[in-house]
Every structure is written in C-alpha cells, then in structure tokens.
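Both complexes shown next keep subunit A, but they swap its partner, so subunit B is in the first and subunit C is in the second.
Here is the complex of A and B:
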C-alpha cells in the first residue's frame, strides 16, 4: 500500500492551482487535508500523476464575517470549526457537527472544502451546508461560479465541479437567533462514516429539513418542513405525523432506498426534530457493575 | 498460593516485565529489521476468485526483479493432510502457477529498493486468466454446477464427519419440547495489530538460511520449511522477533514464508516482506464462517434429552498447515455439547471448500461458533418453558462428581464447577434490575435484554487430542533451557513465543516460586531456533501450562543442585538446608548464615574448587514437560450481558458485562484480567461488528477498515471479572490455560441478550455480526408476520 510515482506541486494562488489542474488534465488531483485521498492513493485505487497541494493558498483560508453571512475558505479544517476559530453563523450547529466528524486525528487535517468536493454521501458537511442554505463557490478556467449547496451534488462522488474547477469558499447565511437546530447521525461505532443522518433547522416558515448519508445528494423533505411550520411542541401525534410525512417525502424524492434504510432515516429525523425541542435521547447512566 | 502484594511468584499480580520496551516503542518488529542490500518485496496477488492462469509475462528488462514459481527451484507445496478417512487433499503452492483459487493468492514476487517500487513492478506484470465460476457461498459447495476447486475432486467438500452417540431416537420420544433453529456465524478476518511479515538472508558465516518471521512457532516453521525446501533443519535458522499480536493468524505455515526463503536460497538476495493491511484483510487466513442447523429435544424442565446438529463450515480454498481444513468443523461438532451432560447426540459436520482465503485458527478456534449454537439453543429452551436460563443450564451441566467426563463430542473434561460460575454471574448481573430498567425505558426506542453464555475452553491439549484430530504434527509437550549465570541470575530459553501474553513475566514468576529468585533478574528469551531447544510454540492456550511446567521442572532440577552446593558452602548436610529468598539457608538456624545464589553460581562456574566432589560444575539444565493426562485442562466460565437494543437504528448498546471464570491456579491475576478483556473485545467484534463478505464472483467486500469494522475503545465496556480457582488435577501447579476463553462466549451472550430484548416484539436474530441492518430486518420481518396473522 504505497502510492505510485507522482509529481507534487504547491501553488501559491487559486489561479496557479487552476493552471496546474488544466495542465495536469484528468490525472491531476487536488490535495488539502488528504484524509480520504491519501489512503485511496496508497491503495492505488486513485492515481494522481500530479498532486496539487492547495493548503498554503491564503485565499482558501479565509473566514470572513460579512454580517448577514459568513464566508469560509475551503481549506479551513474541521478542527478549526470545532474549536470556534471561525465566526459561527449557525447558532452552534457547525461546531457541533465538526466535533463529531471521524476522529480528532482526521479533524486536525481534514478540510471543509475537501469533504464537500469529494462528495461522499455520508460526509457531514454536504447535509449541513444544504440545511443551512449555504452557497458553494468555485473557480476554474471559465472564471468564478457558484450554486446552492443543496444543488451541488449530482451523484455519489460527483458534483458540479468540472475537472479544472477548484472549490474556493462557502457562504453560510446567518441563522436568526430564534432558529433551532437538531442533528442526528447513525454510526455503527464512534468515528465511523454515518449510515443515515438528518439535519433540521426549525424556524417557522423558514424551516429546512434534509436527510443525508443516502445514495447521493442530501434529500430535502418539503412536506416535513411544512409540518414543522406550526409545531410548537413534540408529542406522540406529532411523531406520527412526522413519520408519515417523512415516508411520503422520501417516496416523492424518487430515491431507491431499502426499507431498513428508510426506517433508520425516519429515526434520525425524529431524533433531530426532538433535539430542536430540547429533547435528548435517554441516557443510560451508570448501569454497570460497581 | 498467596496473592499478597509481596508475592512475586505464582499468584502474584506483578507488573509485566516486557511492557516498558513495548509501550515506549523501542522493540524490534519485522518492519524494524534491515539487512545490507535488502530488497523490499511486493506480491502480485490474484485479482480474481477462481481462474486458470494461461500466461504470466514479466515486464521487459525486469526479469531479475520478478519471480514466479518456476524461478524458485525445488519447492514442495504446503500439504496439510488430515488423517481422517475421506479427506480431500489440497496442495497449496508457494506461488500460484496454473490456477488461482482465491482473491489475494500470491502469484509473483516483485523486488524494489522501496515497497512502492516493488508495487510499481507488480502493476506491470501481465497475466492471462481464464475465469471459472467461483464458489462464494456454503450453499454452492455441493452444487455440481460449480467446477472442482482442486484436481480430482468430485465435490467441493474437504471432509464430512459424523458423530452418533447414545440413542437419539428413543430420547426424542421421551421429550416434550422440540427447539429447531438455524444459526450463522459469518466469516471474519483476524486483524492483529501488526500484520504478518518475513525477512530472509543468507548468513555466510554459519551457512544458514536465516528466516525472520512474525510467527507464533519458529521451531515448527523451521521443520516445515526444511521439508518444503528440501533442506536440513541445521541449515535453517528461524527467528520470531517481537510479534505484535497474532491470535492464530501467525500460527500457520504461510506461502509467503516459503516463497521468500526459497528465493533467498536461490539468489542469495536479502528480502523483506511486510504485509499491509489490505493484504492482511483479504489474503491472511480468515476465521469462523459456521452454519448450524440444531434440533434439541428437552423435557418439561429444560433437560436436553437429545441433540441433533447439521454443521457446515466454509474453510476456503486450501487446507492450512499444520491445522488442516477440517479443524474448525471438527471442533464445532466436538464442542457443540459444551458443558452439558448430553448423552444422546447425532451430528454431521461438513468442511466445505470455496474460493475464499483459507480458514485458519483464531482465538477460540471452532468454539465461538459451537458455543453460539448451543448457548442460543439453551436460552431458547428456557424461554419456551418460561424458566430462568441459569436454572436450565444448572440442570444440564456436568456435575462436579461426574469428572473426568467423557463428552458426547468425544472429549474428556478434567474437572470444574460449572454451576458455580453461572450462579456467580447471575448474582453479579442482578437480573432483578431488568424490570426496573424496562420500566424506565418503556416509552422509548430502547428494548432491554439480558443474556448468558457458558463456555468450555480446552487448553494445553496433549498428545492424545492432537492424534485424535489427525494432524500432521503432534504438540504434546514443551521444553525449556535454564541457565543460571555466574552472577546468580537466570536466563530461560523457551521455544514458545510471547506475542502479547506477558509470558516473560509469568515464566519468571514460576522461577520465583521454585527458586525464590526475583523475577526482575530473570531473562526469558523466546523466538529463536538457535537459542531455545525444540518446542511447539504458543497457541491453543498451552504456554502457561506447558512452558510453565517445563520451566518449573527445570528450576526444580536446578534447585536440587543449588541446595547441594549451598549446603557444601555452609558446611552442613543437604537435608539441613532450604532454598528461599534468593539463597540457601540452614533450616531453623537463627544465625542467618546463608549462601546467596551469586555465591553458589560463582562456585559452580568460576571457583570449581569450592564445589563438593559429587557435583559437576555449571548450572544449566534442559527440561521437558507434558501434562500427566493428555486430554487437555478445561477452563470454563459464564458471561452475562445487559444490553439496550435501539429499535430506531438497530444499534446494540452493552450496558453491563460480567464474567465469572475458572482457569485453575492463576499465575498472575492482572495478566489474566488483561487476557479476558482482550478476548472480550474480540468477542464483541464477532458479535456486533466484524464480517468479511464475498461477492458472487468471489471478491472480498471488506478490504479496508472503512468496510471491515473492529470495535474500538468506545465499543468495549469494562467488564467485571470474577476468578474462581479450582486447580486442574492433570497439570503442574494446577494451572489451566485461558488465552482464548474471553473470546468464546460473547457472541452467544450478546445475541442471547438481544433476543431477550426483542422477544416481546416477536423478532429473533440468530446470525453474527448483529448489525443494525440485521436488527431492523428482524423487526420488519416481525411486523410483516404480525400483519399477516
């Protein structure tokens, strides 16, 4: 498990990086944190004749508080978000999500933009940025471009980025103080990729609800968003409504998900919504032998 | 035995002597060893499950860096024949030449100055394959639509064996309860922290072919290599350096070991191969993959009157040496009756072949599957009769007065108080908490369950057991060479191999018990055929009994001489002295006159004029040991788990875990606790996480840790461990082995607890690992059954 021969370069600007990408063609790969790319290269599942290291590009390390929104550079690490080293537009959602990505060793190096560009459906940031109504910005030979995060992913590991495009930053609109969020993901063990996740922003008519870790892009649940609009407390009838609405939304999405996966996604959604009402999962406390 | 804090001998919880070098990362593993001019090896491995090789083309200009079987000179294949009648042979070549039989099978050796360079070469080799249908599921092994995996075979089954004991038909008629179940324990990788690895070179001074291998049994590997390479044993030196965990995966003769040794013999090149994690997951020997169809016939109080079983094991593509392919199924059929006095038993066990990596030994060998099947069944009996599962076990256990017990599986159990362990565990887990917890989580997604599992662990099997199993090698004894140095300290050379068990410490504790010597001045060396006398290595929970016995025996011989010399130095007769506190003293003498070990050793080596006339100079002995009966010393125990099953996700959370076990006399309680916890971690892996699935075409589907999950620190609860200690009647000191027991019952215990939790919902699960998908699948199946009825 050692990578094949490659050329390594470290451009100083986005423009230089794009030039390297164009010259390298299909066999050029960007590397930032390398937490997914390095193992893939070691396994020789991915080969990169030209490895373009973008970590030192200042423009990709921005963290601009622009009032109604925050612009976060692609090379900001999960750890920097987790520790609150960037302005937080999300009422605490982003640090919460960041602190639950894989293990600390991965968070130390793995980057926000790298995770989005790879577009593993289980990546936490795909669903989080979709729920936050973020805009993803990139630059390529054709100049600058952008789209809403929820429109960014076309299929697993496939995004709107062209081979010469470089994701530069993400604009996160500031959540109103009144907005409540909830997030829940199903991992088989601590630090593993999620098998299902749900992300909920409950903010009256502006509520946004997404399921993630599916077979592609995060799935938006419009009927659940409508049902949440007037929900003021969590109750058994509310749970029933949400479960039925969630299933209807999943069916309407046209996605091909197994019965087991749908069951788990509905659970994640229910728990994420409960979280917006301040309800935590039951604690087991100290049951073990003393 | 005392276990007071000042006891450094048998029974003392002294800190492990080997830990400092291990914890500070200073020791020497295969990947730390270099030799001038050494080449790094990468193997070209088969990308297909089953194919004829039509042609292999080396990259032009690289002919002296790429080697196939015909370049290795005379090399015999690995032939692990079982003596059992009807066994179908499989010859396992060092490198595949005309046929590949599993994904990952080595085809060519590639050399580079770095591993990456060697891997580049492997990518450039062109191989023409004619693909054949791959046997990828147990249901296909007897299907004539699939071609024979080995020449001359009529079906893809290594061996079918039967047991028919007692009168099953009459017993069935007396039974009032019939429980019929199917159980499956899926295939696992073994996942030692350090993978396998080999370094070879030619020692021009001694003429030896030197083979460093991360192995559990260097002497046995030397014997096997000598055979396969047509060399003399004296021409080979095999060394196991520090071995970073093994659990059985390094307890086989590997094609890689033969291939490197043969190539060094042929070319004189020094070589190093370090297995990477992907190779380890797909091409190291795998474990488990058992399927059981069990029918138990019981009376109204849960006594098992008769047991019927049909067992299939997928042993993969080749018979591994020295264990042979049928070992797993043989142990499954032999151990299925477990701790129970079952006298009517009819069973069939098939060792099936497939196009998968060969099955080899892994902590517990055969028993986790057998324990899973019988312990699930006994709890199903208890549930069907609405009886306490511990009470039902107690009615079925072999009773203390019935030992030695000849089991329906053909094994002889030495002794035990099985009921004590089950009752102890029930007291500790406090089943009365169940109703309270269930009430607390009534309106949540969490279902609470409690499960038990009792296991037997045959350890330190002697000659008769290995002969009965029909293996090519019989492992009935162990040797130790013990020398006192001229300064009165001790060097013990043993052919067993410490790979994490703390044997340097525990063998030094045995020396302390015999000689009163401080373990801190005892050096225990292992892993080198040029140092230790011949012996069998570390596996099958044998080393503490066998090597401990040999060290004890040798120290006893040495003590005799030490007393003779000491008495002479003190100018009293030998019957007046005792050996204690690191010296020879006159018994009952208040003056404190003594001869220290250093003074005695100095006399023995440096000042022979001080020796009595009837004592030869020197203080070194070689001792051999075997148990007084050779049927094995049987450890046992009961585990219990309290779990919460999350109906929303399918995840299982272990709330509490309790162990009460008996491994006879305990040498170091702290090390025993560590072994139990390590075994439990792997048992939890089997129960909840680890699975190596294959596609229809024979592709392994979990070739990295992204897909192959092992439990981490967060997934392993701290268990409460209670030691019961009933010494074995057949071993020196009454020690029983215990290295595997921790890993045997957890799949049964956790699955029992999960079923207890889900029973009220009409859902059942009888397959490991108990994944979220399987749990939700079981709940969905229960729902649709309800909807139909």
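Here is the complex of A and C:
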C-alpha cells in the first residue's frame, strides 16, 4: 500500500511541464491534487517513474471572469468552486456539484482539471461541463488545442489528450439568469462515485440534457431536449413522455447499458427535470446549508 | 530530495525519498503517531490531518509535495480549545471505542465545528461520511459533536454576558 519508486519534479510553467512529460514518455504522470492518482499508486494499479507536480503552476490557477464566459484553471480545487471563490457562470450549479464530490478532505485537494483529465465516467465534472457547453483547453508539444467538453471523452479513462498534453483550463459560457438547472446523482453512500447521474439546463425553449456515470462519455439526449421545449409544467403524463423519450435517446446512442442502469438513469433524469421546475429539492450538500 | 515543512509549529528541513507518503513521513520522521493508517487509499479517513488550514488525507498526499506547507496533527492541537471540548464530549457521549478512527474523527469534527454554521444531525452525518468507524455505529460520535457545539455556544454566550 505504498507507491513504488519514483522521481518527483515540480516545474514552474506549463512549458516546463510539457518538456518533462515528453522526456518521461509513457512512464511520466502529471499530479495535481493526487486524490485519484495516489490511491491508484498506493494500490500499485498505476506506476509512474516520473511524477510531475503541476499544482502550484500559476497559469493553472487562473479564475478569469471574461464577461460572457469564465475561464477556470485546471488546478482550481473542488473546495474553491464549492465556496464560491471562483466567479460562478452557472447560476449556482457548479458550487452545488462541487459540494457533492467525495468528502471535504478530498475536495480540499482534488482539482477540476485533474478530475476531467482522468475521465472516470462517474466523475461529476465530465457531465457538468458537457451540460454547460464548456470548452476544454490543453497544451502539448503540438501547441495549444481545445474541444467542446461533450467531445472530450473517447472512452472510460480515455480523452483526446495525447501523452504529452496537459489540460490547462476550461471555458464555461455564462448561463442566462433565467436558466434553471437540475442535477441528480445516485449514490448508495454520501461521497462515493455515482451509479447514475443526470444534468438538465432549461432556459425557456432551449435545453441541454446529459446523462452521466455511463460506460464512457456523457450521453446527450436530443429528443428529451426537444420534448422539454413545449413543457411548461411537470405532470404525470409529462413524466411518462420523458421516460419513454429518454429510453429512445439511450437506444439511439448505441451504448450498451443494462436495464438496471437505464432505469437508474431515467430516475435521475426525472428528478433533475423536476428540480428545474422547482418540484424537487436539491440534494443535501454544503451549499444547501447556507 | 529536500523539503522545508512546518509540522505542529516546528520548522523542519530534511531529505526524503520522493515515494514516501505524508502519513508515513509524519509517523516515522515527525513522531506524529496520531496519524493512523487504516486503508491507505483515501477511504477510511483515519489519517486526516490539516494542511495549510484545510483538512486532508495524509495517506494520499506525497511528502515531496509538501515543500513549504504547514501541517497540524492532533499532537499539535493539545491546547486547541475546540479539540479540548471535543475530547470531553467524545468521552461523555461514548464517541469512541477502540480509538483507531478517533484522531481522524477529531480533526474532521473540529473542521465541522469551525465552519460556524448551526449543525443538524443531517449535516454532521453527511460531513462524517468520509470517516469510517467500525465500533460505535456513529450515534455516539454524532452526539459528541452536537454536544460539543452546544457547549461551545453556551461558553461563548456566558463569556459575552
């Protein structure tokens, strides 16, 4: 239960970190909060000859309010987002999500960018950034690059990042003040990884709806988004329509999910939509204490 | 490699092997035996300590990453008034049995009390979700934290009169 032999370095800039990554090849790993990497190294599921600590690189700690969007550095912690120390473009969705990640001791060190680049399908930020229409930015030997968050994940733990790429920041477009959000995740125990989750952002006729904790990237539900267009209030028939449409969207996605998982995802979706209509209380979390 | 670190108020400059975890460093090099190792992969919370004012798990932090950090363990909080109250409340409410999880519970409980919000059992239980106890069934621990909050509040009230 201890990490294997390793060397450790702490570059001062993104450029230096990329150089270290290139020199280290496949056996080099980036570490920021280490809240996922360290358990895996302790269990010897992962070994890294060269650990590159990027936590204190200033460029990765940015929090820029750019008006129509907010740019958040990769090494901002869940706790900083939870406490509102970062400009919030999401009408409270991001602080709420942050407050429901793992436990306080983990939120204090775990980072936004670390969670995204690990790309555990059950991690909260993958689905959240997809729903918010965020753009993920990275830098590598080939220079800077970016893509939409919903296109970032290729498979479980596999993203568009090449071995020498470093996720630097995420651009979150500002939600209109009128936009309502709903987020629901299914956990047997507080703080564990979700078994299923759904995220809904509804602004009048426009909606974005994603399911998370699946077998890979978050699944977008275009038919549900269309069905929500004309929905002005939640009712039993509406619930029935949404459930059927959700199943159709999942089938159309071509993803291989068990019946139980589909049922869990549909349940999360219904609760998330109800939250946007003010009919379901947000789950308990640090932000709901206020 | 060399690190500069402050542990319980004492500045230490020392050479370390980069693979050593903060928990092992604290136990073997700083004699901080209150740092208990249960799961060693960030699940049980027994190794919870304070890094730069925030609680964290020392088993999934590298000592190498702590250059310039200020660490507090239970050893350094002997005279801390909140820990003193918690020690009393845990004793009175049967908040411990074997004691293995207790240091992590105390550090976490102190963090909960220091947030300065009115606590409900729901809040206490949610905040303790990252600390595993296999003896008490948690009821005694939740009672202890609730009672500690009440004692601290009444002391503050008494001091203000």
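Points worth noting:
Here is the rule we use: the second predicted complex is superposed on the first by the 279 of 290 C-alpha atoms of A that agree within 3 Å, B and C clash if a C-alpha of one lies under 4 Å from a C-alpha of the other, contacts with A are read in each partner's own complex, and residues count from 1 in each chain.
Definition applied: contacts are C-beta pairs under 8 Å (C-beta built on N, C-alpha and C of every residue); 3 or more make two chains touch, one makes a residue touch a chain.
Bear in mind the structure is a predicted one, so any value in this text is a computation, not a measurement.
Once the two complexes are laid over each other on the shared chain, residue contacts for A:43 go to subunit B and to subunit C alike.
Residue contacts after overlaying the shared chain place A:191 against subunit B and subunit C alike. Contacts of A:65 after superposition: neither subunit B nor subunit C is touched. When both complexes are overlaid on chain A, the residue A:55 reaches subunit C alone and has no touch with subunit B. In the superposition on chain A, A:8 contacts subunit C only, with no contact to subunit B. Of the two partner chains placed by superposition, only subunit C is touched by A:108; subunit B is not. Looking at the shared chain after the overlay, A:264 reaches subunit B, while subunit C stays out of its contact range. Judged by the touch definition given at the top, the superposed model places A:35 against subunit C, while subunit B stays out of reach. On subunit A, the patch touched by subunit B and the patch touched by subunit C overlap at residues 1-5, 39, 43, 189-191, 284, 289. Considering their complex, residues 1-5, 39, 43-44, 186, 188-193, 195-196, 259-260, 263-264, 267-268, 270-271, 282, 284, 287-289 of subunit A touch subunit B.
Contacts from subunit B toward subunit A in the complex involve residues 114-116, 119-120, 123, 276-278, 428-429, 433, 437, 441, 444-446, 642, 644, 648-651, 653, 655-658, 689, 704, 706, 709, 711-712, 714-715, 717-718, 720, 771-773, 776-777, 779-780.
Listing the residues of subunit C that touch subunit A in their complex gives 1, 18-21, 24, 37, 40-43, 45, 48, 51, 54-57, 59-62, 64-65, 67, 108, 111, 117, 122-123, 125-127, 129-130.
Residue ranges of subunit A in contact with subunit C, taken from their complex: 1-8, 10, 31, 34-35, 38-39, 42-43, 51, 53, 55, 79, 102-106, 108-109, 189-191, 284-285, 289-290.
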